[in-house]
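What follows is a pair of complexes built around subunit A, which joins subunit B in one and subunit C in the other.
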Partner chain A sequence: MDALKKRRLSLMKRLVTLIFIIVILWASSLGTEVSISSLMDGLPGMGSLFLEMLPPDWSYFSYVTEPMLETIRMAVIGTTYGAIVAIPFALLSSRNVVKWPVIYFPFRFVMNLIRTIPELLLAALFVPVLGIGDNAGIMALSVFSFGVIAKLAYESIEAIDNGPLEAMTAVGANKIQWIFYGVVPQVIASFVSYTLYCFEINVRAAAILGYVGAGGIGLYLNNTLKLFQYQRVSTIIIYTLIVVVIIDMISNKCREKLI
Partner chain B sequence: MIEFKDVLKIYPNGTKGLNNVNIKINKGEFVVIVGLSGAGKSTMLRSINRLHEITSGEIIIDGKSITKARGKALLRCRRDIGMIFQNFNLVKRSTVLRNVLSGRVGYHSTIRTLLGLFPKEDINIALNALKRVNLEEKAYSRADELSGGQQQRVSIARALAQEAKFILADEPVASLDPLTTKQVMDDLKRINKDLGITTIVNLHFVDLARQYATRIVGVRAGEIVFDGPVEEATDDVFSSIYGRPVKQDEMLGAKV
Partner chain C sequence: MNETIRKKQTIRRIKIWTSVVIVALIYIWAFSGMPKMEFKPSAVQAIKAIFSGLIHPDWDYFYDPEGEDLLRTLLETLCIAILGTFISSILCVPFAFWAARNMNKYRFISSSGKFVLSVIRVFPELILALLFIAAVGTGPFAGILALGFHSIGMLGKLFGESIEDMDFSSSEALKSCGANKIQTLWFAIVPQVMPSFVSFTLYRFELSVRAATILGIVGAGGIGAPLIFALQGHKWDRVGMILIGIIVMVTIIDYISSTIRKRIV
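Right, the complex of A and B next:
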């Protein structure tokens, strides 16, 4: 009797969940006025745009190499700054490193707050402050990387083996030695791996930051699109694709070696 | 000398870990603490170097109270006490040598140890410590490449590199097989004899306790119920410590 009731209850739960999801989907599509028919109407336009992109303007490659390098440089510097600031934050947010909630809760709060801001919004905030150009982009990527790396690093710090920490306490190490001999060697590999992962994300992000005036290849993408130079647009897209794939490949290989 | 004076340890949930413990352990002794699991062996050992804080009473080490020690003084006290753990507690990703050298950090400035700039002397101390446990050739291997018994001997080398006056070993052989158990216990015994390091070991194997100890301390429900030379620790004594006859699986022989 009881088992039957439970079974009915769980069936009901599933049904309610399903209805809930359908309602949300329906309400969302209503609100954004998306429809299959409008997508169909747009198809020919997409086709002609695609044709206009062909063939890519190959001579434009050399012209956008400098902004492409600038994009990568922004990602490198942004990731590095972010990673450096993330180290103390990650340590101070970890319950097994700092025993007092008074310290780790505020640090976690700041970390989580920063992590909620998307990089494009950060860039849009920094452009008026630092002016148009790669400095704003670098700052945006630094803050964004900080959020990603600090969060991942603190989670892996909290998951480390407590044994070596106990051993370092027992040998009479002070707190800093305790961190460098007990914590750091246990998390350094994942930390580097997260930083590389964040670098991959940043290269992709840096490619569009130019849209809000924060330097890099995005600026050129924006300009060529506005001037209807679709053959140049396709050059930029292909170039970005190649660079992102190569960087992802190298970074992935490095990360495999680390773990 | 280690001296417990009216040591009381009450856990937050109200259980008495140690109940009015008074004991003196003299220099050069090889003391084995026996008792059922949960009897307070580990609490007793860990309260010596304050990995566990006691509720009241005092523990005196070579005339200085570690209970009252604060800051640097506490670190100095701990530096003199090497500790061996059941799970070895090595940093698995680091080399054996780096693990052994971590025992030296208490002797140098923070900045020096952070940069890993140990003097040549310290490297020699560490290598000698490894030689004592016959693992010199493993110095540059990663710790997790070693077997359990070898890892435990590395942790003994760490305590040696620490130039500890005391070694506390908390169930050092509980996760080892009988053969490596013998090697680890032999190493501990040899170090105790050769260097005169006072050694206190928690064990739950009755026959091992008899074989290696010079003095046996029996603990039950946080109280010392037996304390005497190994010759006096008869089967009846063990039964009274355990509150029941000794079982077969409490003999290492049974484990083979």
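Right, the complex of A and C next:
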């Protein structure tokens, strides 16, 4: 009897969840005026757009190589800045390094706040401050990677083995020694791995930052799109895809070796 | 014996030094080409304006009974993320089975599936949104389609990996008791992959909410368009209001979604 009741209850729960999801989906499709018919009408237009993109303008490759390198450069520098700033923040926001919640809660709060803003919005904010160009992109990527790396790093600091730390405290190490010889050796591999991971994300992000004027290849993408030079657009897209796939591959190999 | 150990050590040392040199070269290349960071007086002004906008946001924009306001555009952003995630969570299933190693007889089939997924994954949402705008016109629907397509890459990969990690003992047990294909799927495979599937979908939803906030920059609906207009018009109080709105919305969504995810797994 009891089992039957339980089963009925769980069935009810599932039903309620299902209805809830359907209502949400229905409401949001009403709110955004989804129409399958407009998709069907638009598909030929999309097809012709694809045809216009073919064949890619191969001669454009050499022309966009310089902005492509600039994009990678932005990602490298941005990730590095972010990673450097992330180190003290990660230490200060982990529970086992700083014992007082008064300190680690505000740091975590700041990090959470930063992570809610997408990098393109950060770039759009930095463009009026630093002017159009690479610098705005670099700063946007730095702030963004700072948020990501600091969060992942403090989580891995909190997960470290307590044994060596206690041993060091027992033999009278001060806080700096404690961090250098107890914490750092345990987290350095995962920290580098997170930095590489963030670098992968940043390369992708850097490729579109130019759209809001923050340097890199996105600027060329924007210009060619505005001038309806779709063959060049496809060149840029293909180039970006190739670079991103290669960087992902190298970075993945490195990360596998690290851990 | 001693020789081999020494050899190994030298090889290790060479490896470490080459990687150090490579990293150093990359950094020299990167920093040598960097433009100078210089603060113009206008930069300080802009920073001041942004912060004063954040402190004194334009509350009138929060709710406006007629016309565009923050609440309505934020809701639209949320709807784009919800529907985009929903589309991709359905479309990713066949891709996941295609890319799962233990579901295909031949290795090249699953590798090709993985390759297709990674190509989808590296295609930026913004470019996809531009393509879909060409098809269905500007508006949130293009954003939904762009997010739906882009998310297939990540969801398909994660879901395919969880299929690869699946334990087949229960489905074999069911089969040996005489269950048919649909029954084994329903009672053995679905209960096993469902929790991780829901959790991945929720995680993707969190990312999609963030992505949806920028889709408006190209005209694909959501909060991005009013934000970029406010930025271009230097209406800092409105920028501050929109930023606060985005931060609050993303934080709430993250909190709800991570609570549900913790309960599932």
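By definition in this document, the second predicted complex is superposed on the first by the 259 of 259 C-alpha atoms of A that agree within 3 Å, B and C clash if a C-alpha of one lies under 4 Å from a C-alpha of the other, contacts with A are read in each partner's own complex, and residues count from 1 in each chain.
FYI, contacts are C-beta pairs under 8 Å (C-beta built on N, C-alpha and C of every residue); 3 or more make two chains touch, one makes a residue touch a chain.
Worth saying up front: this structure is predicted, and the values here are computed from it rather than measured.
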Combined model on subunit A where subunit B meets subunit C, clash or fit: fit
First (subunit B), second (subunit C), both or neither touched by A:G182: first
Touching partner for A:T17 - first (subunit B), second (subunit C), both, neither: neither
First (subunit B), second (subunit C), both or neither touched by A:P128: second
A:S59 touches, of subunit B and subunit C: first, second, both or neither? neither
Partner chain in contact with A:R73 - subunit B first, subunit C second, else both or neither: second
Which superposed partner A:L43 touches (first subunit B, second subunit C, both, neither): second
First (subunit B), second (subunit C), both or neither touched by A:G31: second
Touched subunit A residues, subunit B compared with subunit C: C
Lowest inter-chain C-alpha distance for subunit C and subunit B in the superposed arrangement, angstrom: 10
On subunit A, the residue positions that both subunit B and subunit C contact, one per complex: none
Subunit A-facing residues of subunit B, complex: 49, 51, 74-83, 85, 87-94, 98, 102-103, 105-106, 110, 113-114, 155, 158, 162
Subunit A - residues contacting subunit C, complex: 24-25, 27-29, 31-35, 38-39, 41-43, 45-46, 49, 69-70, 72-73, 76-77, 80, 112-113, 116-118, 120-121, 124-125, 127-131, 133-135, 138, 204, 207-208, 211-212, 221, 225, 237, 240-241, 244-245, 248
Interface residues, subunit C side, partner subunit A - complex: 26-27, 29-31, 33-35, 37, 39-40, 43, 46-47, 50, 75-76, 78-80, 82-83, 86, 118-119, 122-124, 126-127, 130-132, 134-137, 139-141, 144-145, 210-211, 213-214, 217-218, 221, 227-228, 231, 234, 239, 243, 246-247, 250-251, 254
Subunit B-facing residues of subunit A, complex: 161, 163-164, 166-174, 176-177, 180-182, 185-186, 188-189
